[in-house]
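Each structure below is given as structure tokens.
Across the two complexes that follow, subunit A remains constant while its partner is subunit B and subsequently subunit C.
Here is the complex of A and B:
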């Protein structure tokens, strides 16, 4: 949906690209022709979606996973640790209509060429990625942490000064540390940055006498941080 | 003996006392000279450097120990700065305007010394025009420390708590106000047309006493004797693996270190017919991507190797690279580490001074 909210910028992007399929905007079916770029949102949670993403992969030269759900499974992946169906029956009145199993990011099923992290994704990163593809250079999102961007913004640490459980130290940066810069701890929506050490963070929290239950909840909100890193 | 007396005489001739209540007026005086003034202000119980407008000189508070952000690094190499704009095949360098005069007031000795180290890096060939332009237009009003906390260890490197050179003006917080010492022509010009009484020899004695007291508060220490040999000998010490279990790999130490000078150059493609902004952002050796090369090769795959690099760069490699150790003992990396890793502790353990 961030794509739609680009508004005038979207028109600018459309000077260089033809939109073939956009389910959030039009009911047209997925065309049966090769695509240069596919930008896919959402987690894969059932067999039909798995088949669909494999089809899209085959059709497209370049596949972008856009948003927390497509990158790591996102919030949906909370249910992955519960027995199948349990979460659905707590949330929905008639869970028998829900056809949804474990939630995973796209790369669980197909090769992904580029990622747009976060919930929601960053507008600038989206534009930069699309324009990079127009110019035929690989999109690049710097591999730094939210914690580093937070320091660059001149903030005081919400963990060290207020004891808040912030996932900034292990989370992919690029959001300009939006949450901690507004006084709210990072929830880790952009996923775990490759090379960071969530176990170290868990240890730091444990040493600060945070209850193991709370730590587990925090580290599992946007998919389990101990899974494969987002990037 | 005669020469020493002579030096003391001249020191007195170029030393003044700024009454505490005169500080805002003096700050206004600096702004009126066309400087953008940066000084520490209180923010949520901590202090941070901020640009001070003429109407906000009352907010300046020189009573602080440490800011999280290293002030001179942030001024001279902004966390994110645009280097070039490329449009329609034309490359336009976005250099700082040399006419923009900057004054920074209240920088502690460790940070001034850290800037001298950055100078070695950025004015070494090839010279960095962005750094150089800002450095040339920068006036430094340093502030000797009157206190220290549990993270300070500048005495290990001779980088504090007092300063002998590298400033335009140097303040010391005394009972009745600030001792103002002149360190350069620019500094002399600034006090030249602002009335301050000359300092007395008792003021200089009070300064010495203040610094002695600050020194007495410093608890942490790094023994630098033969440190290069010890660090190199410890490259395969199991301590690096142990630290990798605790370290989150967040890179906060890199950001808050006043001598960490690495940056990443990034191109951002703008929407208007593909013009490109090339900018640089602070980077850090704790990151996976930092030592990554083409096709995914990486020279420091393990976090242990990256921690080892951070500590060794400060305490070992700097000496060969730039002729000085790369740590000034400001204590930021210790204070800001979520995992509570303490570089003084690491060195002490490698020296066998601690278990």
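Here is the complex of A and C:
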């Protein structure tokens, strides 16, 4: 999706790479030849999708999981903790026709070579990753948290000044702390950065007498903060 | 006797995954099924138990093309439940944000989803080898629309500043002039788009059916107002479920919407144009005249022209809203309470409904979301029944591509309706 939001930059990238399959913008069918790079969005939620991602993996030298759903299952994965069948019958009157299992990121089924974090992914990171692959160098991996980027922007802390639960201290940076810079707490759409301390953050919130209910909802949103995705 | 079955597996140039299966017998359509096979994400289920104030942010993720429509509609439904009223500037700025989303979605549809059919290319990217100026114009329109979304919403896809009760931050005043200038410059591209789409050769086909669009006094309604129908009825979002019911169909993950217990209906740019033509600005009316269309538009393929006209309407209205100033008061902390809230707005693809039941702590106990594509899905199938008998002389490939164009004309957003499309044609 964000590929079309690259606008004219997309044409620049396509000077170096040929777009073989993108059903949303082109009639071209999935080719029968190997691909250099596959960029895949979305979570895997049923058997057909699992078969498809395995097929794409076999065809491709380099697989990029793009966006929160492909990285951790995303918001869809909130339903993973509900009992089997309950979600289906909430939405559909005849749930037996509707097939959907648990939502997982791509790495539940296949090896992933690079991740683009966030909901949505960042335009610049997408271009950088594609151009790195064109130049055959490993794509850049963000190593800072959103909280550090927020400090560098000189923002007031939304937790310390307004008591809002912010996932910035444990979330993968690279977004320039866009939400807190707009006065909104970080919701952790980019997933948890390895080496951070979600338990410590939870403790800080508990000590600040935040209701356990609010904490629970915050910790289980775009990803489960206690499940650090492979990278 | 089955003449043939035409199958369009995984329809291209629509958002999401779906297919179309049409069975033709004795020159008539025996069966037409729009199969949405994209896996449902169960938003209405996992929203239960979440906090009311999270709803704009969470429902934004229903769609990457029209997140703005979901954010605004969810915020309005929660404000409706909590009895929060907004000041005039906030309402105007929300409309400008909604219009930027419509402009972006329409530019994407015209140049990247629809135009390849009329220009004879598999994609706009393939077309850019011969028609670079045209494709770049499409990108420019999209870019300026996204720039306005980002200016008001903090980010174009999944805006962050729009919240229950208003905006967390006013758009930066120092960038206002630049934003208005960009809009000024895009008007030329928008009129060239009118020339482009007026030159397309549209299949000759008309279907007559009920249109439903938002209506409000004195404006081309997008974010405020009540539903108006071409049959002369009006209803408020609170009464939506008295007029629109839903039925599950076994072959699809999208539910079918039914008007007044009777039949299908159409929402979207054509319905808005047909019902609210008089309220378009002068430039948009001039564009309509130039392209030779006037209401009621009954040829679904010509929705492409209507989208181009709406781009002009959006640019004009965004300019005038921004020129009146962008400073909005900070939102007051909402007081949570029990209640039910509903909202109807115009998403790029048409009427969008959100409804929530909240408990005393402001937790969501029930969510009901009906997207424009869900509203239109039965209408699309009925169009196929009416169109195919007129074109049975076509071979399978030509028929498949014509039906693909018809489906595309409604710009279905399958991710929204659930998520996926394919056309299978079965001739009997």
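Remarks
The definition used in the following text is that the second predicted complex is superposed on the first by the 218 of 231 C-alpha atoms of A that agree within 3 Å, B and C clash if a C-alpha of one lies under 4 Å from a C-alpha of the other, contacts with A are read in each partner's own complex, and residues count from 1 in each chain.
One rule holds in what follows: contacts are C-beta pairs under 8 Å (C-beta built on N, C-alpha and C of every residue); 3 or more make two chains touch, one makes a residue touch a chain.
In this text the structure is predicted, and so the values were computed from the model without any measurement.
After superposition on subunit A, the partners subunit B and subunit C are accommodated together without colliding. In the superposition on chain A, contact is made by A:160 with subunit B only, not with subunit C. Using the contact criterion defined above for the overlaid structures, shared-chain residue A:2 touches subunit C, although it does not reach subunit B.
When the two structures are aligned on the shared chain, A:37 is found in touch with neither subunit B nor subunit C.
Of the two partner chains, subunit B is the only one that A:170 touches; subunit C does not reach it. Once chain A of one complex is fitted onto chain A of the other, the partner contacts of A:76 are limited to subunit C, with no touch recorded for subunit B.
In the overlay built on the shared chain, the residue A:49 is in contact with subunit C alone; subunit B does not reach it. Per the superposed model, the minimal spacing between any CA atom of subunit B and any CA atom of subunit C is 13 Å.
Chain contact summary for the complex, subunit A toward subunit B: residues 9, 12-13, 124, 127-128, 131-132, 134-135, 137, 140, 142-145, 147-148, 151-157, 159-161, 168-170, 193-201, 203-204, 207. Residues of subunit C that touch subunit A in their complex: 10, 12-17, 37, 39-46, 48-51, 54, 57-58, 61, 64-65, 108, 112-113, 116, 122-126, 128, 135-136, 139-140, 142-143, 146, 154-158, 160-161, 163, 168-169, 248, 250-251, 253, 255. Within the complex, the subunit A residues that touch subunit C are 1-2, 4-5, 7-8, 10-11, 14, 19, 22-28, 45-46, 48-49, 74-76, 78-79, 82, 86-88, 90-94, 97-100, 103, 119-120, 178-179, 181-184, 187, 214, 217.
The residues of subunit B lying in touch with subunit A in their complex are 43-46, 48, 68-69, 74, 79-80, 244-252, 254-256, 264, 266-272, 274, 281-284, 287-289, 292, 303, 306, 335-336, 338-340.
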